[in-house]
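Multiple structures follow.
One chain, chain A, links the two complexes that follow: it is found with chain B in the first and with chain C in the second.
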Partner chain A sequence: MIGVRGLSVTFQSKGREVRAVEDVSLSVAKGESFGLVGESGSGKSTILRAICGLAPVTAGEIEIGGAPVPTPRGKGFAERVQMVFQDPYASLHPRHTIDRTLSEPLAIHAVGDTDQRVMQALADVGLPTSFRFRYPHQLSGGQRQRVAIARALMLQPQVLLLDEPTSALDASVQAETLNLLSRLRDERGLTFLMVSHDLAVIDHMCDRVLVMQHGRAVEEMSRADLAAARMKTDYARSLFEASADRMLG
Partner chain B sequence: MGGAVMAGVMAWLREQNPTSRAQARAGQWFLGWLRLKRNPLAMVGLAIIVVLLVVAAFAPQLAPHDPIAQNLRERLLPPLTDGHLLGTDDFGRDILTRILYGARITLYIVALVTVTAPVVGLMIGTVAGYFGGWVDEVLMRTTDIFLAFPRLILALALVAVLGPGIENAVLAIALTAWPPYARVARAETLTVRNSDYIAAVRLQGAGAARIIWGHVVPMCLPSVIIRVTLDMAGVILTAAGLGFLGLGAQPPLSEWGLMISAGRKYLFEQWWVATMPGLAIFIVALGFNLLGDGLRDVLDPRSAGK
Partner chain C sequence: MTLLSVKDLRVTFDTEAGVVEAVRGVSFSLGRERLGIVGESGSGKTMTGRSVLRLIRPPGRIDAAEMVFDGQDLMKASEREMRALRGQRIAMVMQDPKYSLNPVMQVGAQLMEGLRQRDRLGGAEAKKKAIAALEAVQIRDPERVMAAYPHELSGGMGQRVMIAMMLIPNPDLLIADEPTSALDVTVQAEVLSILDGLVRDRGMGLIFISHDLRLVARFCDRVLVMYKGKIVEELAARDLLAAKHPYTQGLLNCLPRIGGDRGPLPGLDRTADWARA
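The block that comes next holds the complex of A and B.
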């Protein structure tokens, strides 16, 4: 479903070149959940942004559903791939009601039946429909992230890119949000590409994981490898040890 | 009965779970109003502007005399003379009447400038900020050129070319007033254009026009509105200045700047002729400034939503 080959992303900043991602390849099958893990600045979020066209691709190829993605990404891409951002406090427009936020993608793609679809989307992510005309500042962090997930699903994409969807939430809300995502994936046959710095979250959600460091791929593991702590590299092992206590629980 | 209706309206406005966009928006306006109400100076400013609106609307009913009819036997009567509360001018016209009618012209100028300069500035600023690169360079250097001219001088030059009159004065003021709005709008746009919610809507396939109009402009609007109310005093003064120089409203219209200009000759012996319209300008300019300061507290994006 998702194919990335030899992806490099280089940012130009005041004449200096910052290599955020170097020569990373990965492929995700339809219906699979693939994790990207690594510390801050390891380039994992940049891969998601490059897929969406929000970061410049300097080398390499990106394919969705077997066909290379167009630049600019365009409406066809939007109908297949959507993204959930890390910080639900920054990803919802502060002056738009939930209704406006959810109906905007429908308006862009000239999809009718707005009322019914917005109500259904709220119900799907477990929010009461009475929240429809609230503003984001009237919601909690977990509720906002549910709205962001609902927005990403409005166009019924096949692929969801998740950029640390729970790292800004407290532990109990994290679990709820992850369960919601798992449920939606099973119901709709979604393909997930998920970024996290937390192996426990990845272990809960993903079938395979790619460990990244300094913009390079370090090691790819299956969930079984992860559960049995079969790491080949020291870096992956140290990441594992940092979150092992929560994974076993 | 009336109390019950009022309570119903209040409950509707305070509803935590509005049932329509209109109710949600009205509720936000109501919260803003409550915040504005806590600021006594802003309320004073608002009261002044409401009075200006009422006076402009009902000038013919409120005014004791005709603003244009001359009566040379009653010329230059001092204030508090019977029938002429604020005295008369050099043609024997009642100054109070002329100030009341002048409110219409002032409001007309303010309204025309408000619907032109900030709109132009907002468009140029958001487009420049959103696209960046050479678009930004071209638009902002143009803005810089306009900013580099002294405002009154540029307005003077325009009026000199186009001919004196209120409409041309407004055009001149609007053409010289937009650059600061463009600057403000661009600065706001730069802070929001890389935010996640803009990225999200871009990812949904939205075009630049939709993003700028529907998502960037609402974030710039508060700063621009604040700026507009604070600039209104300056606009009134510029209009009065053009009137004073004989390039704005033309006699016998009772524009305040023009009235001051006419009273200049008698400034030492008949001080009220120039002072009364001057006081009117002072009070209205103060009103806009006080309201602008109050709005800043209510509308500032950094304080909203907390």
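The block that comes next holds the complex of A and C.
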């Protein structure tokens, strides 16, 4: 479903070149969930942004559904791939009601039946329909992230790119949001490419995980390898050891 | 020896919609040890930490039967006396270095500001002390960091700078409000071990405020679990797995585990009797 080959992203900053991603390849099958894990600055979010056309790709190929993505990405891309961002406080327009946020993609793509679709989208992510005309500041962090997920699903995409979708949320709200994502994935057969710094979250959601460091892929592991602590590289092991999960016996 | 003792602390906000009680009768005492305060957003943990420094702005109001720091009654202290305590004897590390450092001032100037204004040190000596402080939090190239602006630093680096800044006056009590939540796990471990070493070497008291129960359990001696402004459970960190209160158990259980099963994670039952109290 998602194919990335030899991807490099280089930013120009003050005449210096910053290589955010260097020669990273990954492929995600349809219906699979793939995790990217690493520290900040390891390039994991940049890969998601590069797929969406939000980062300057300097080398490599990106394919969705077997075909190379066009540049600029265009409407067809948005219908198939959507992204959920980390911070629900920053990713929703503060002066747009939930209704406007959710109906905008429908208007752009000239999808009819807006009223019914917005109500259904709210119901799908477990929000009461009374929230429809509220503003983001009237919602809690977990509720906002639900709105962000609902917005991403408005066009019924096949692929969701999840950039730390729960790291800004409380533990119990994180549990609810992860449960919601799992349910939506099962119901709609979604393909997830998920970024997180939390190995336990990745392990819970993903079938395979790619460990990244300094913009490079360090090691790819299956879920079974991760659970059994069969990592080949020292860096992956150190991430595993430092994971909050290991703190209790 | 008791460094800080708090009895029946209440923080109330008189709003147009009525009185909101953010902290409702919290009591604890602290020696030169590491005390963890855990809870979710809105549990009043941050307000509890800020109350100790009387950093609650109107319409917020602090009431307490007793709040004594090293023999000094914090409830009766004048604003002038509080200023002498803040930073000098009780320091606070905030959650996000992005918001607590001045974005248009070089890190070095911020570090030296206190030394020059408060301690009346000369430029060269202040610089020496600032560099020593950065080295204490294991920043390898302090000269570069001194000349950098906050946006040029990574999150972990920024948080270390904050910790260094707070530790320059050598306080007796450090209140760390989510000091590592914005950081990566490996950096988190580093920052925690730096904090740990400093607490041990300097014999400081530490109040460690966090939403992460497992982190607190590993790092602290004692843990207070807060929910809706009240302490629902107090326990030694090593006994955490034997927690009795359903909220503490719920907080522990709702976290995913590596190698755990992938069924839905148990959520918190907020309709139970304990949640309504």
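The rule is simple: the second predicted complex is superposed on the first by the 244 of 249 C-alpha atoms of A that agree within 3 Å, B and C clash if a C-alpha of one lies under 4 Å from a C-alpha of the other, contacts with A are read in each partner's own complex, and residues count from 1 in each chain.
Simple rule for what comes next: a residue touches a chain if its C-beta (ideal position, glycine included) is under 8 Å from a C-beta of that chain, and two chains touch if they have at least 3 such contacts.
If you're wondering where the values come from, they're calculated on a predicted model, not measured in any experiment.
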*Room on chain A for both chain B and chain C (clash or fit)*: fit
*Report for A:116: first if it touches chain B alone, second if chain C alone, otherwise both or neither.*
neither
_Output check: A:141 vs chain B and chain C. Expected answer is one of first, second, both, neither. What do you get?_
second
*Can A:74 be said to touch chain B (first), chain C (second), both, or neither?*
first
*Identify the partner contact of A:41: answer first if only chain B is touched, second if only chain C is, both if each is, neither if none is.*
second
_Under the stated touch criterion, which partner chain does A:176 make contact with: chain B (first), chain C (second), both, or neither?_
second
*For A:200, select first, second, both or neither according to whether it touches chain B, chain C, the two together, or no partner.*
second
*Determine, under the contact definition given at the top, whether A:13 touches first (chain B), second (chain C), both, or neither.*
neither
*For the overlay built on chain A, what is the smallest gap between any CA atom of chain B and any CA atom of chain C, in Å?*
12
*Show which residues of chain C lie in contact with chain A when the two form their complex.*
40-41, 154-156, 184-189, 211-215, 217-218, 240-241, 250-252, 254-260, 262, 264-268
_Under the stated contact criterion, what part of chain A meets chain C in this complex?_
39-41, 140-141, 170-176, 178-179, 182-183, 197-201, 203-205, 226-228, 238-240, 242-249
*Quick one: which bits of chain B touch chain A in the complex? Just the residue numbers, please.*
16-21, 23-24, 28, 195-197, 199-206, 210, 214-215, 218-219, 301, 304-306
*Can you list the residues on chain A that touch chain B in the complex?*
52, 54, 73-75, 77-79, 82-83, 85-87, 90-97, 99-100, 104-105, 108-109, 128, 130-138, 148, 151, 154-155
